[in-house]
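All chains are identified by letter, namely A, B, C and D, in their written order; residue positions are counted from 1 within each chain.
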Amino acid sequence: MNSHLPIVPIILPMVAAPLCMLLRRRTFVWGLATAVTWVVFAACAQLLLQVSTSGPIIYTMGGWNAPIGIEYRIDLVNAYILLLVSAIAALVMIYAPQSAARELPPDRHNLFCAAFLLCLTGLLGITITGDAFNVYVFLEISSLASYAIISVGRDPRSLKAAYNYLIMGTIGATFILIAIGLMYMMTGTLNMADLAQRLKEVHDTRTIHVAFAFLSVGLTLKLALFPMHVWLPNAYTYAPSLVTAFVAATSTKVSIYVFLRFVFTIFGADYAFTTIHLNAILVPLALVGIFIASTVAIYQTDLKRLLAYSSIAQIGYIMLGIGMGTVTGLTAGIAHIFNHALIKCALFMVVGCIVLRLDSSRLEDMAGIGRRMPATSFAFVLGGLALIGVPFTVGFISKWYLLLGALERDWWPVAALVLLSSLLAAVYIWRFVEVAYFRPAPDDATPISAPPLSMQIPLWLLLAATLFFGVQTDLTAGIAQRAALWLLAGGP
Amino acid sequence: MSDFWGLYNYWIAIFLMMVGFYNVIARGNLIKKLIGLNIFQTSVFLLYISMGKVEGGSAPIVGAGISSFSNPLPHVLILTAIVVGVATTSVGLALVVRIKEAYGTIEEDELIAQESVTQ
Amino acid sequence: MSNFVDIALLAFLALVALAVTRTLNLFATVALTGIYSLLMASIFTTLDAVDVAFTEAAVGAGISTVLFLATMALTTSHEKPHHHHNWAAIMATLITGSALVYGTLDMPHFGDPQAPIHQHVAPHYIEISPNEIGVPNMVTSVLATYRGYDTLGETAVIFTACMAVLLLLQRDRRGGNRNVMAVPDADQRRGGQSMQHAMILRVFSKFFIPLIFLFGLYVQFHGDYGPGGGFQAGVIFASGFILYTLVFGLEKARQVIPPRTLQALVAFGLLLYAGTGIATLVMGGQFLEYKALAHEATHGEHLGILFIELGVGITVAAVMTTIFFTFAGRGRS
Amino acid sequence: MDILIYYTSWLLLLCGAFFCAVGGLGILRLPDFYSRQHAAGITDTLGAALLLIGLILQAGLSLVGIKLVMILLFLLFTSPVATHTIAQAALQSGLKPKLAEKERDG
């Protein structure tokens, strides 16, 4: 049975989704979905363990060897992302029922859970596969499901946000489809490993340059790199809090993974950085994105929106690390994928707790919340510190590698800018601190009970993880470094 | 000139894609955007199917006396992509219906105007 | 000669696309989009992609058009005119287009048998698959076996779309069926007679809908030998139900096939597909390795293809019908 | 005999094409919805039927020929019903024929 482990994370949620739809009792629905996500999480953890001890796993679908058939090819990079996505899903699922009872239409929990599981299926399916076209298929599963779960927010603006996301996301996906078509045209294969081999012979054709350009544009749309980010703030703001916590921590991260996979494994670092000069585009865009998004975040009046802009800035950091094209830079990028997912998921969970009690995510309604919801507010501050990159949190690790990477390449201005941008992060986190702790609560404020335990436990687990991995860097930075070396070596 | 005869199929596919793409990004009507998206995607299908054609080949179904077949793989990919396309369209249309119910309009500029009034 | 047909069709396509851009009446635009899809299907036929042509005709010209019309019945059928040109969009389009044209310059020429895609991987499908799988239609064998996992993903996409539409448009259970509209049709709203009173149409439909279902079954089970398969058959079945709904009203259609049953079918199709994969695991093969299903390899392949095509067909038919019911049931409130 | 069938089929195909073109022209030039329906009806029935009969003659008594016959039967049923339904829908939604208006006015 162990040899069939790779398909468990994909097939299990895919089968559970229709079952969820058919169940009517709400407790059964959530119970099934939660159980599934935890089994998936265990499977992914086991996969990472296997990969890190005994090397890449290959699983052929239907017994057809690639490139004739489709195969899974799990190496350190995607095993790491699989673990991240499944862990976040498992934690969000514990958090979800209480938050959903507040923020979702009451009679649609079964449909919501089905869509959520499909989104998870899609994200894991993109990550695990070794076939370029299969990426497109699962990308669409996850995208369609995320449009759906974003659109069920209580504010009707969630509909517009979902619509815009749908248009942008589909344009991005179609660009990716064009790029895959062009690559297929020049090589005759869709298998990633085979593509990597055969692309070398046609590297200098104009068709492949265009394929690379379309792929990059399509993926930057999906991963919301500035200036392709316009769909993101509204989608994160108006989606139900638990959806935001899940999507913010996983969806863009998986797109970044696909970017890494295509750029480093398929096209090769050599092609991307010496023929195309990807760094010349990526680094400035990332830096501008960091500054503009952080600055915009400072002026937001809605906490969710503030965090959404912060996400765009953080994606800038990840892409900056990747754009360096060195082992240290790539390590910083990959580590930050993990770290940012932890931090953002925790922060959005905090917002969900606040929404549960205050029924609003606007900063002005949160005056004095520091005393009314002490634990929750403290959690936000902790997460905020990690976001800024204070030592002993995970945020520090990624910033540290980022600085090292910049200094390695003698990019002094970049290093200085990264430091400076942390200040901006401090400012927008301070906005919450100021409102929560230094403004008096309104006179008619009634005492608020703490959020239910099922919401607090995953939240504190995530925060504990941010602190734990901030000190114990073997798992995150260690694996990230091995993954970076693996990617730069061009895979197998 | 040989380039022209060798590539005109692709060029027309690209022209069609761009007409669709223009409708997606330039139009303010939400239904029209989806129509544009439809055309955009369908034209990408044409690109794929064109590359699968072999001069003198026939449909990839085994039959008596046929020896040269067009490539079946792009056909399979596009069958999948068509399904994805109609799935996206139906979700988009469902969103449009809900937007109309919530805001009373499906024109982008009017939606934006309503937004600025409420804030 | 075939070049001439090709160019004529492509020119028509370009004209229709431009007309779509210029027309403000959404009703006309949707009709043009249907024409666009039909033309595209004709071109696919000339390019030997018969299965794709079939699907494009059924989906693009059929289901998509119906969904657009249903949406327009619920929203509006006119686009607001806008007088200024959107220069930013024109620029973006031009840049993207020229990039693509630039990319074509190193492409293998159209129809070139020496192109890389005809040299690698595809020869296996063309030369070996008919014996290895035992199915004359190579598209079916690639779709269902070599890339069967992609098709599982495709079925999941359709299922996801159904979840999304139900999440968005399903009526509240408390609200009941009060606002159900018999037909999403323009004249219904104006309080005129509905299609239910159109006698000719009713007689005709009664006679015709069984034929549609018969044809659907033929397409479902003939996919191994000719163009067709689960997806096309599913769409044909759905169009039969849609026609029934349009003529006899949503209430009656819901009596014939209750939404609960329909949703169970939606789930059943996907489960049948994934279940076939799990069955192969249990029988000792890889996931979706149909050979494991029977003692003889090609027999197993046939069995596997039968099951998964059935799964696809059931899901697609049920999903399309559900989506249409949901749109039609939305009514005007 | 073969030659006879060959030329007859071509004659029918050309006639069918001619009626399709006429129908198309009619849709463009005729004054109102109902008369355009008439033009569209020509394309549907006469144009398509002649084309199909021409093709059937070429296909002979084979599976393709039988399929074509079925398509022809299908078309002969569906197009009139579709035309009728569209016209009825237009009438119900209050669209008056142009000529009728003229008569009343004059």
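Quick notes on this structure:
The definition used in the following text is that a residue touches a chain if its C-beta (ideal position, glycine included) is under 8 Å from a C-beta of that chain, and two chains touch if they have at least 3 such contacts.
No experiment lies behind these values; they were computed from the predicted model shown.
The most distant chain from subunit C is A, comparing centres defined as mean Cα coordinates. For this structure, the chains sharing the highest number of C-beta contacts are B-C. Between subunit C and subunit D, the centres computed from C-alpha atoms are 27 Å apart. Taking each chain's centre as the average of its CA atoms, subunit B and subunit C sit 13 Å apart.
Rounded to whole angstrom units, the spacing between the C-alpha centres of subunit B and subunit D is 30.
Looking at subunit A, residues 133, 137, 140, 144, 147-148, 151, 178, 184-185, 190 sit in touch with two or more other chains. Annotation for subunit C: residues 100, 104-105, 107-108, 115, 117-118, 121-122, 125, 147, 150, 153-154, 157, 160-161, 164, 168 touch two or more other chains. Looking at subunit D, one finds that none of its residues touch two or more other chains. The complete set of chain-chain contacts reads A-B, A-C, B-C, C-D.
Residues of subunit C that touch subunit B in their complex: 6-7, 10, 13-14, 17-18, 20-21, 26, 29-30, 33, 36-37, 40, 43-44, 47-52, 55-56, 59-60, 63-64, 67-68, 70-72, 74-76, 79-80, 82, 86, 89-90, 92-94, 96-97, 100-101, 104-105, 107-113, 115, 117-118, 121-122, 125-126, 130, 136-139, 142-143, 147, 150-151, 153-154, 157-158, 160-161, 164-165, 168-169, 225-227, 231, 316, 323, 326-327, 330, 333.
The touching residues of subunit C, when paired with subunit D in their complex, are 185-187, 190, 192-193, 195, 198, 200-201, 204, 208. Residues 4, 7, 11, 14-15, 17-19, 21-22, 59-64, 67-70, 105, 107-108, 111-112, 114-115, 118, 121-122, 125, 131, 133-134, 137-138, 140-141, 144-145, 147-149, 151-152, 178, 182, 184-190, 198, 205-211, 213-214 of subunit A are the ones touching subunit C in the complex. Listed in rising order, the residues of subunit B touching subunit C in the complex are 2-3, 5-12, 14-23, 25-29, 31-32, 34-36, 38-39, 42-43, 45-46, 49-63, 68-80, 82-91, 93-98, 100-101, 106-107, 109-110.
Within the complex formed with subunit C, the subunit D residues making contact are 77-78, 81, 84-85, 88-89, 92-94.
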